[in-house]
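This structure is in structure tokens; I'll ask about it shortly.
Note that the chains are named A, B, C and D in the order they appear, and that numbering of residues resets to 1 at the start of each chain.
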Amino acid sequence: MAVSHAARAAPTDFLAEVLAATPGGDPRLDRCIQCGTCGGSCPSAADMDHTPRQLFALIFAGMRDEVLRSNTFWYCVSCYFCTVRCPQEVHITDIMYALKRLAIREGLYRESGAAEAPAFAETYIDYVENYGRSFELGLATRHHLRHHPLGAIKKVAFGMELWRKGRIDLTPKRIKNMAQLSAILNKAKELEAADGRGGGA
Amino acid sequence: MSTTPLSPKPRARIGVYVCHCGSNIAGVVDVKEVARWAGRELADEGVVIARDYQFMCSNLGQELIEADIKEQGLTRVVVAACSPHLHEATFRNACQRAGLNPYLCEMVSIREQVSWVHTDREQATAKAKALIAGGVERVAWHEPLEPVIVPINPTTLVVGGGIAGIQAALEIADSGYPVILVEREPSIGGHMAQFDKTFPTLDCAACILTPKMVAVGSHPLITLLTYSEVERVDGYVGSFQVTIRKKARYVNTETCTGCGLCIEKCPVRVVDEVFEAGLGYRKAIYRPFPQAVPKYPVIDTEHCTYFQRGKCKACQIFCPTQPKSIQFEQQDERIQVEVGNIILATGYDLFDCRRIPQYGYGRLANVYTSLEFERLCNAAGPTGGEVVLRDGVTKPKTVGIIHCVGSRDRNYNNYCSVICCMQSLKFAHLVKERTGAEVYNFYIDMRTPFKDYDEFYQKVLAEGVHFVRGRVAEVTDAARHPGEEGKIIIQVEDTLIGRQRRIPVDMVILSAALEPRRDAQEVAHKFGIACSTNGWFIEKHPKLDPVATMTEGIFIAGCAQGPKDIPATVAQGAAAAARVIGRIHQTRLALEPIRASVIAERCSGCRICNNLCPFHAISFREDLGVTEINPALCQGCGTCVAACPAGAITGTQFSNEQVFAQIEGLLMLDFSGKPVRRLEPLAAAAEPAFP
Amino acid sequence: MGESDRFEPLIIGFTCNWCSYRAADLAGVSRMKYPPNVRLIRLMCSGRLDPVFVLKALAGGADGVLITGCHPGECHYLEQNYKALRRYHLLRMLLTQLGVEPERVKLVWASAAEGGRFAEEVGRMVEDVRRLGRLNWPAVAADGTEPGDGQTPNAGHVHEAEPVVAAEAHQEEVTP
Amino acid sequence: MKYGYYPGCSLERNAIAYHESAMAVAPLLGIEFTELEDWNCCGATEYISLHALPAYALVGRNLALAAQQQLNRMVAPCSACFINLAKTDKYMADDPRLARLVNEALAAGGLHYKPGSVRVRHLFQVIVEDVGFEAVAARVVKPLYNLRVAPYYGCLIVRPTLQPPFDDPEYPTSLDRLLRVLGAKVVDFPVKTHCCGGHMTQISEATALELIRRLLKNAVDYQADMIVTLCPMCQLNLDGYQEEVNKHFGTDYRLPVLYFTQLMGLAFGLPPGVLGFGREFVDPTPALAKIGAEPPAPDKKERPSKEALPMPAMPRQDGGEP
């Protein structure tokens, strides 16, 4: 685990960190011209504390903590509108994923007011890592039982309705060669940890 | 490639001159040591004198060289100083004054290539020596050359009758030289004729353009060929042969009085996609606009009832002239003209806004392009200058103007279209003036350079126009709330407050990008010039030679060279004209003698080179069985020289011998400046031939 | 290995008169820095580049050759740089056959406005050729064995200024 | 035409209607599927939020298995699965470092994947590109006359643009065209590629409900009888959360949301029983009852008034000349 050097981050350092944490070719973030096409296109912009554009300006300014505490990327719905519309072809959605990973690594997401998103992702991943497949009933109920005990009742009702319509299983399915998948995922995690690039693969 | 046996190295008396350029070179390179070294170590290579001097390009420096040529009997000169692109002409002239053929001088760049890019004094000095050795070896092989002299035909061809072409044609004709002006459309005037007002002065475009159009139409020295296109260009600077196709108008311009009765009587109404930008109608026989020059109409055969169904002839029947001026049997004509210079002023195309579906153009009725809006607010346009919605009657209460549509966007055009900010400000003012509507401008960066432009921005601000800094994300009719019903909603991040906003408006104007003409590449090829990656014609030098091209005798002006506003376009038209007039005044033109030529006795007639020349300089003499190169067409690139398997093509100034010798010289010293070989007489022919 | 005794390759660069030579000029005017291992020859066009020039340079002691021209579509002679590109591919095949690493010859497009790119490419090329080590042309031409494959460079080569030991050490360093 | 088939977790249960209807229409279009043996979850949008390399390795296992089982032409019916599979392949090709690390991880399970060796496409894309509209038209025996449908693409089938681009990322028209081929009346649907809320239903329900509301409202504004979708997540959000939207906003939407394969099946004359009907939250029966035996009279073109200005010419959506 890399040592947090939040307060001291020189402006370019944090930009370099974000770029390194975004796999899949040049993410082009350094080309941003602050036009706001991303913030204008975003379907959930209203819920974000910073628009994606503002977040990029904060990255350029090296304001690491403020960026990683932001709820912006947790409200990203992965619709890719910003990515295809960006006049500078910045890989915005991928950068949002990278920021999620950095925020989790630094433990800063808890302050974002969007603490549920990583928790949901964790529950989801638990199923994938144990069964190789996702499990919708378990996902919804377990996630909500843990985080919204009251709301969970409503969710259970919704799950029952899905079950009545034959749209949900009561028990999760496991793939045959789970050992192989586990070996692959463990190795991948090991490589990622060794790399120290904030999950930049 | 060449396997030609090379002649023995010529004997020469070479002078080497090393410039300090103040401290520019001397600050990094030990110039005194370099000169000492050259005089001592290159003596065997023919160097009889080597000097260093503070400023070689100064009069005193030049006189130093001249004196040595005369007194020491130098036959070659090497100047180690700045880039040849800066001072080659200076030192060539010095040689010429001293009676030495100017092409026997070679420049070695030890400033741009050494002192300005390297920091280690020892390494830089070593490299400077090696470069000089290369120059010394090379210069021995230089030959005395004479510039190629070509006569200049005083007639000029101007292609494109927009404001750039009009300006160029008038400047040249007013100086007393004949001009042939070719225009593709039925009238000259170009895009400017479509505009209502011009920024920042708000002059009426027609009021300032029409007199110039009339002057072109009536100028005794201007031959106006409208509805015509250049098909083929042969020849070279001074004497181009140009084939022009004059499309059939189906109107006899000798007898037609331009009364317009035929147009009035024509029963077919067609959407005018060109002059009215699709916003208005014209007839099947038409004149693009009332002030058209020439005044004669043309028949659009695709829509004409007679041409489609063999019946009607209303235009002919009502034509009052005797004989009738409507001639259905007219055919396209091919005209051959001879000209000395050519100016290309072919203009631009407007970006097709349908390529950005999220802006709704074509789907949402009240989204207009900038050109549509020009017609909309033009007093002679389809609505008589009324700014209204697509229904033709309703005045908008709120209008959004979007900048940078198709510009500054790597998905479409990765450049700024230059005029859109000012144009959008002009639109904002006109909308306010004509409708009193609320106006929103959506911009990324406000770009208002040049005289009185920012003042215009101030004026529009004072008129209460709203400015939102943000590139519009989408324009939609999908209402989310009752307040948005029936409106067009502009969704944007207002980047100055950092929030997404949805602004309901009645009308949207898209300030669309200027793009190269769709056939720019084809036209460039026809005239032997090149287009940039963005598709604009490339000028010879972006700063110092903006209207010339790499092809002698071909000039460019206006938006064909890149997006620009009317003042810049007019300036370029005039500049191109001035260049041409200068040429004509010279009556003859001296061209750089960098040319390829065929040594006939070595040519095997294999014709490998025949297809390599884009300037059509290479032709095959069937009668002699050998290839020939026309020196006037040859531009000196040397591709054929490199390709000839028999070594039968040689290039002046860049012969194999010269390049081989330079390679030898450059490799005389290793990285640290230690000699690695004694130079021997060249024996390059021993190298393996390239298959 | 210290900075001072590292292998310093010699590279001959060919530029066209209109774009890449002007890019080199611009790099100078902008005071950009690049290593002094490259010595340039100005041709009118990359289309003038006779592959024999490259062979001549390599045979004459150069460790690499950098060929530069206008970007595709921006050739001042319209399309001659495409011809240079074709020859370049053939040339690399030929070099492979001769046992010379084709990476010793590189083609780079640089417009007159790309002084920075020119400087960067020179820097990159110098590093690449440094990694490949010294070109041992006479040995290559004689027996066709590949240089840089671990064998000791021919100590009798004209470039004897550098000690053999250093060259060996260098090769160890770059062996993957 | 043979393809490898990657159903993805949703089609196993939640979107079983999609799976059943796809299996029912495929043979009629000459499509034969072989399910990828022992496939695992694609990770949706969740895995990549926590771990990058494991997320790519997770997808990499599926690609490697496909290559191993010689299923080089893969079909994924779920848009999220499709984009994860296709994107991993492309990113591994674009980013050699990523490819090396993913393969290092795969090696721990005895697998290897060479980028570019498996081509993954969405089921809908395969029908458009390989089957073609004409072949679909030839199968139509019960045209969906009078049915007004809103074609809903969602995000991930058209965005991000992976090579080669399949349809316009903003305003695609291929589903419109397919539905027209089936005989349905396609309404203008400007939000056809807008987000359904995705996983926001689990994380920030209010956010998701608003996104769903926008889609439902727009479809109703354009008088659609139903929304047609090609993604399990979109279907679940629009259909399953419709009641929640009504409660939250005090609306009364009753808009069925069906898979395009279900409508294809109906138009091909297949019985609803084999097309997975009956699992919807919003009952489609009233809407389907509108299907008439006769083609509707063509829309009356409103005569533009004398003053009206001409509209710009647009290309025709059936691929013909304007």
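List of remarks:
Simple rule for what comes next: contacts are C-beta pairs under 8 Å (C-beta built on N, C-alpha and C of every residue); 3 or more make two chains touch, one makes a residue touch a chain.
Because the structure is predicted, anything quoted here is derived from the model rather than measured.
Connectivity without chain B: the remaining chains split into A, D | C (groups of touching chains, all others kept in their positions). For the pairs A-B and A-D, the larger set of C-beta contacts lies at A-D.
Distance between chain centres (mean CA atoms), chain A to chain C: 46 Å.
Each chain gets one centre point, the mean of its Cα atoms, and the points for chain A and chain B are 49 Å apart.
Work out the mean CA point of chain C and of chain D, and you get 52 Å between them. Separating the CA-averaged centres of chain A and chain D is a span of 24 Å. Within chain D, contacts with two or more other chains are made by residues 170. Each of residues 358 in chain B touches at least two other chains. Of all residues in chain A, those touching 2 or more other chains are 81, 84-85, listed in ascending order. This structure has the following touching chain pairs: A-B, A-D, B-C, B-D.
Listed in rising order, the residues of chain A touching chain D in the complex are 21, 23-25, 43-44, 47, 74-75, 77-81, 83-85, 93, 97-98, 100-101, 104, 114, 116-118, 120-122, 124-125, 127-128, 132-136, 139-140, 143, 158, 161-162, 165-169, 173, 175-177, 180-181, 183-189, 191-192, 195, 199-201. Contacts from chain C toward chain B in the complex involve residues 8-10, 12, 18, 21-22, 24-25, 27-29, 31-37, 39-45, 47-53, 55-57, 59-62, 71, 73-80, 83, 87, 90-91, 94, 112-113, 119, 141, 158-159, 161.
Touching chain A in their complex are the following residues of chain D: 9-10, 12-16, 38-41, 43-54, 56-58, 60-61, 87, 90-91, 94-95, 97-98, 101-102, 104-111, 155-156, 159-161, 169-170, 194-195, 197-200, 202-204, 207, 211, 240, 278-281.
Listed in rising order, the residues of chain B touching chain D in the complex are 271, 273, 278-281, 354, 356-358, 361-363, 365, 382-383, 390-393, 476-480. By the touch criterion given at the top, residues 1-2, 83-85, 109, 111-114, 116-120, 123-124, 126-127, 130-131, 134, 525, 528-533, 538, 542, 550, 594, 612, 614-615, 635-639, 641-643, 651, 653-654, 656, 659-660, 662-664, 666-667, 670-672, 674, 676-677, 684, 687-691 of chain B touch chain C in their complex.
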